[in-house]
Amino acid sequence: MQVKTFKRGTHPPEFKELAADKKIEEIPLPENVFISLSQHIGAPCKPIVKPGDEVKTGQLIAEGEGFVTSQVHASLSGKVKKIDKYPSPIGTKPTMIQIESDGNDEPLQEWTEEDWHKLSIEEMKNRIAKAGIVGMGGAAFPTNVKLSPPEKKPIDTFIINGCECEPFLTADHRMMLENSDKLLEGTRIIMKILGAKRTIIGIEENKLDAIELLNKKTASESNISVQPVKTKYPQGAEKNLIDALLKRKVPAGGLPMDVGVVVNNVGTAIAVPQAVKTKKPLIERVVTVTGQGIKEPKNLRVRIGTPFKNLIEYCGGLTPDTKKIINGGPMMGIAQYTIDVPVIKGTSGVLALTEDITQKAKEFTCIRCGSCVETCPMGLVPTRLVRLIEFDKLNMAEEMGTMSCIECGSCAYVCPSNIPLVQRIKVGKQLINEKNN
Amino acid sequence: MNPILLAALSMGGIGLAFSILLTIANKKLKVEDDPKIAQVEDALPGVNCGACGYPGCAACAEALVKGDVGISICPVCDDDEREELANILGVELGEGKREVAVLFCQGGNDNAKVKADYEGISTCLAASFQSGGERACDYGCIGKGDCVSVCDFDAIHMGEQGLPVIDRQKCTACGACVEACPRDIIELHPIDRHVFVLCKNEDKGAAARKVCDRACIACKICEKFDDSGGFHVDNFLAKVDYDKYDKDYEKPTGKCPTNVIQLVGEKDEE
Amino acid sequence: MAKNKISLIKEFTKGLWDENPVLVMLLGLCPTLAVTNSAINGLSMGLAVLFTLTSSSIIISTFRKIIPDEVRIPTFIVVIATFVTITDLTMAAKFPEISKALGPFIPLIVVNCIILGRQEAFSSKNPVGRSIIDALGMSVGFTLTLTLLGAIRELLGAGTIFQIQIMPDSFANWMVMILPPGAFLTLGFMIAGYNWINDKLKTQ
Amino acid sequence: MELFVIFLSAVFVNNYVLSRFLGICPFVGVSKKLGPSISMGMATTFVMTIAAAVSWLIYYKILIPNNLTFLKIVSFILVIASLVQFVEMFIKKISRPLYNALGIYLPLITTNCAIMGVALFLVDMEYNFIQSVIFGFSAGVGFTLAIVIMAGIREKLELADVPEYFKGAPITMIVAGCLALAFSGFAGMI
Amino acid sequence: MAKKNSEEQRFTLSSSPHLSKEDDVNKIMNTVIMALVPAIAFSVYHFGWDSLLTIMVAAGSCLATEYLIKKMRKREVTDTSSLLTGILLAMTLPPGLGIGFVMLGSVFAIAIGKEIFGGLGYNIFNPALLGRAFLQASFPVKMTTWEAPQHLAMDAKSFATPLGGYKFGESVIQNAGDYIDGLIMGNVGGCIGETSAIAIILGGVFILVKKYADWRIPVSYLGTVFVLGGIFWLISPANYPDPIFHLFSGGLMIGAFFMATDMVTSPVTPLGSWIFGIGAGVIVILIRLFGGLPEGVMYSIIFMNAFVPLIDRYTRPKYFGEVKK
């Protein structure tokens, strides 16, 4: 089968072998969970419980207002201990609800299955919203919103993003292997909701077993196809994946729906059938715990709100030369200063990187080698953007597309002068936003 | 013909021809401009030397009227011409109560706890995206000196403690540092104000104490001590009410257990 | 007027350093670069400017009150052009060699910003005496700068200053210095040097 | 072919700015930004072409027949000054956008030795009318080339770590020197 | 500040990405220097130990100049780029040029060619070539006096290069055999490092494979020279040399592989690289065929260097989903 890809990009070492063969394991219930009220893009939720309240697994404990928002549920049963600000893995300190486990994991209700074919589209969307499902690739965009494109933007193609192009991470890969039926069921549900004619599952070539398995399972369905894509970073970036699969360019500042496409991550699609069929909310997710600093890398199914510490301990703890703890992958993930931060809905991996891997070499001035230009998947000229930002020429930087940067990290990865290009561009985006407001 | 006469005639002829042409052109082709621009242009030297970076005095005048540049742009002008320009443009220096910038943090190297190492661009703004860099306090100074680098008046320096030190004499209250600080811990205050609560930490006492030795722990001792109601603790942070606070400013200092209430500047400052 | 407080000496010396027409105001760069391939050419050019500037300053400041404002620029130009013609013809007659070396740059004095600029900024507003001092200061500053520039270029490019051999015979002349690139480079370094000295003076 | 040689010569071999040192003031003053420098170059080319034609006419049709060549400086400067002013008014009237793009550069051209230089050179070189016009035009193109290259470089240097004392005019001069070195490769081509 | 608790590990906060490719500026510079070894070796064989001396003097003066200037500016020397500049400069000098001239050229190359713009990464012109252009303009006679290669037992003080021979009418290359032995192997007169095309191509291909040079530049540069030279040759074989001669004579090879590809002074965009190479190729042919000088490689490159800011500006790729206004 023909392998598709996008222009430019890079190929960092994969390090996937650390956890690729590890079956997903459940970890013991943590003593405490910290459930963040800002796990999604949009305004934070408001708690509807107070300290001292008893909660059951799956009980709604906070809800949001407005359109782009999401619900938050208790991920285990127990007592609400505190509602306070705690560090979150996205680097902020949002309000969180701390629940002390009673060890029983008592569910709110019996989660009985219904046949989703009988449900109306509105009802299905409603159930997805109620279950608090957000994009689980990292951006955490509320899924029900994504599945409700405006009428004048009809969706013809649904894409499952199974690229998992970030090095180290294997959670999506494992899920595709172990939960393929759920994935396909979710796919069918979403297709029905969107009214899309076809689905393409884009998977990087380095996950051959997943490609083969899904190919076999979809052989009888003509409207679902599996498309291998080249193992190249950032293949899984939404816009680049659409470009690779369909040759459609999402306009700058636009969304996939502008070109008739909706993209969902593997984890999101897998979470959908449960919500639609049983109304059971999203209270757990699969996280890859890996990196040279983790003694036994594993793929774990964990409750939302479990502190990183519990995950790391379950994997044998940290080696003493661990230098960085990262939420997500090494290219776009966020460095942590503590392992007390909890897993949130967007946490795809917990990495412990050692000194020798993350060693930042000395910074030189730009020698204009053009590597960043040849790498940038968005066709930007990072070196020039960075100079413009540094010298406060924000208008010109904006004109040259700074806001289109997806912060994938490719430019900084290849830069021989070790210039923190991405960080500078992030600062520049902030400054441009300030300037425009 | 006499050559002198001839010379005069031909020069006169050329001159006459062109001046007639120009006079007619001036009438027929006249376009109305902002009269202020013309005025400013007149006040400028009119040598069109281009030293200002604009392609001639007219362009420079336009920029001046628009307010894109200051009067000092023209290197050829003398003081008189500058004064004239200032009159036309209506630029005046407003006189008001002098203000100075005050830093509301004492979390220097000795006092602030460190939570992590930081690698990357050494600016406060960049560090603020990475959980705020080394120091543990979420409200205090990040210490990378963005305020120092934006100050055009050489009035802020990075002190030994890794905290910016403001020179009250040099400060012009331009507000650049206030804008630049991502933690909003620099404020402008009248120069005759001396008592400040030098902390912005709104965490509960225990949490605040954990991150800094000089954090307001909301103990309310200052409230009790100052009976005029000059201090009140709000959202776990003490604040001064300058309307109520009597000017006897040495009163509450020294009573604060974490020394966040401090005197800044001298009493006899202007 | 505030200007009256400035002493005449100050009026003269400002052209030499603080407001040096070449190094600070970057005026009259064309002749500065073009003719300074030797010290003597620089000096001659400077003197030609000195004559033109001073004489036209005298005329213009004398008649400053009767020149109508609307036609002042054309008037200035005619006056300047007249003096430039005199200079040009005189030089061609008395110093044919130098005149040849300076080529079209003597006639081009007429469009030299220094001269028109001084008339506009100074002579048309000030009495004769002061205008003369100002014109002399400016043109002496101009002359000295040009001579120095010419001397440096001549020294490195031909080993001589004012055609007197300075460099030892073993010195290989840097031809480039008397060519166009040398002019730009030397002036660049002179301005940088000026900035440096000025900075040092200020910080003292 | 001969006209083409005049063109090449004025643009590359004896570039107006880099080897004849004419028009240095605007070359230094208006080369900070690319946009204005392109406009300046176009305006200069325009005026130079017209000025070459008019000066040629004045010189050969008025001054020579009357044996008044000593008046060339006075008459040239008058002609150029009036011409520039006229062109400025004319452009302002017919097209405001064009005026904003070109017109504001025109006053700067009056005292620009480049124009006067064209007039003087064409007399020196004894060009005929057509040659003079071509010469005026190509000198303008040469000027434009130099100022546009310079503006590109200066925009880039604004983002560079140039030593303090060399910022501004000195570095511009040095870049010009380097450009002159580069252009010297064309020497002897014509 | 660094109180590391044994129980609690202190982690590092930094921006993504947390991985970086194992490449750095010095590695690039050193690899390019390595790639020059064949050419240097050949020059020693060809012109004797003097050529090695010239190279060392140039490299040494460049390093010293850089060190001094950085010290004056209170900065540190962080890279070996000036070493490369020195070697490249020496490669373009005629053998037997006095040590003083070599040093002067090196100082000019580093001081004016590089440091005055702010050092590595900011320079507009290729420093080595600027140094050479300065020497060429200052000492035109010295710079075009070619010493005979030592192993060709010739007594001539001035020895014509193939290009000089063409220009001034005394052809050095007469038959096909001379092409292989002379131009390609390098048994001809010329600058220290430019004579042997084969040695240069060897190193050049090495850095192209390593991706330390943009392949588009040598391809477009050499291609343009070949095609344009070929067109003139087809028009009039009697007056103009054939394209093979163009390709392998003079400094074209070293220019195309090592000078024009200098990252700092060439465009960053792929399209820009093509334009850069083609422009330089056109100028080489113009100067060689119609100019006063026999060789135009150096001028073609520094001339195009001046255009790089403009090229970069106008060849910026359209970014993803960019909407034309």
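As written, the chains take the letters A, B, C, D and E, and residue 1 is the first residue of each chain.
In the analysis below, a contact is a pair of C-beta atoms (placed from the backbone, for glycine too) under 8 Å apart; a residue touches a chain by one contact, two chains touch by 3 or more.
Being a predicted model, the structure only gives us computed values, none of them experimental.
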Count of contact steps on the shortest path from chain B to chain C: 1
Mutual neighbours - chains that touch chain A and chain D alike: B, E
Farthest chain relative to chain D (centres taken as mean CA coordinates): A
Farthest-lying chain, centroid of Cα atoms versus that of chain B: E
Chain pair with the greatest number of C-beta contact pairs: A-E
Centroid distance [mean C-alpha coordinates] between chain D and chain C, Å: 22
Centroid spacing, where centroids are CA-atom means, of chain D and chain E in whole angstrom: 34
Gap in Å, rounded to a whole number, between the CA centres of chain D and chain B: 42
Inter-chain centre distance, chain B versus chain E - centres from mean C-alpha coordinates, in Å: 48
Multi-chain contact residues (two or more partners), chain B: 47-49, 51, 115-116, 119-121, 126, 129-131
Contacts with 2+ other chains: residues of chain A: 335-338, 360, 365, 420, 423, 426
Per-residue overlap in chain C, given as positions that touch at least 2 other chains: 26-27, 73, 113, 116, 176, 179, 181, 185
Complete list of chain pairs which touch one another: A-B, A-D, A-E, B-C, B-D, B-E, C-D, C-E, D-E
Residue ranges of chain A in contact with chain E within the complex: 10, 12-13, 167, 239-240, 243, 249-254, 318, 320, 322-326, 330-338, 351, 353, 357-358, 360-362, 364-370, 373-374, 377-381, 383-384, 400-401, 404, 407, 409-410, 412-418, 420, 422-423, 426
Residue numbers on chain C that touch chain E, as the complex places them: 172-177, 179, 181, 185
Of all residues in chain C, those that touch chain D in their complex: 26-27, 29-34, 73-74, 77-78, 81-82, 84-85, 88-89, 104, 107-108, 110-113, 116, 176, 179-185, 187-189, 191-193, 195-196, 199
Chain A residues within the chain D interface of the complex: 365, 387-388, 390-391, 393
Residues of chain E defined as touching chain B within the complex: 1, 3, 10-15
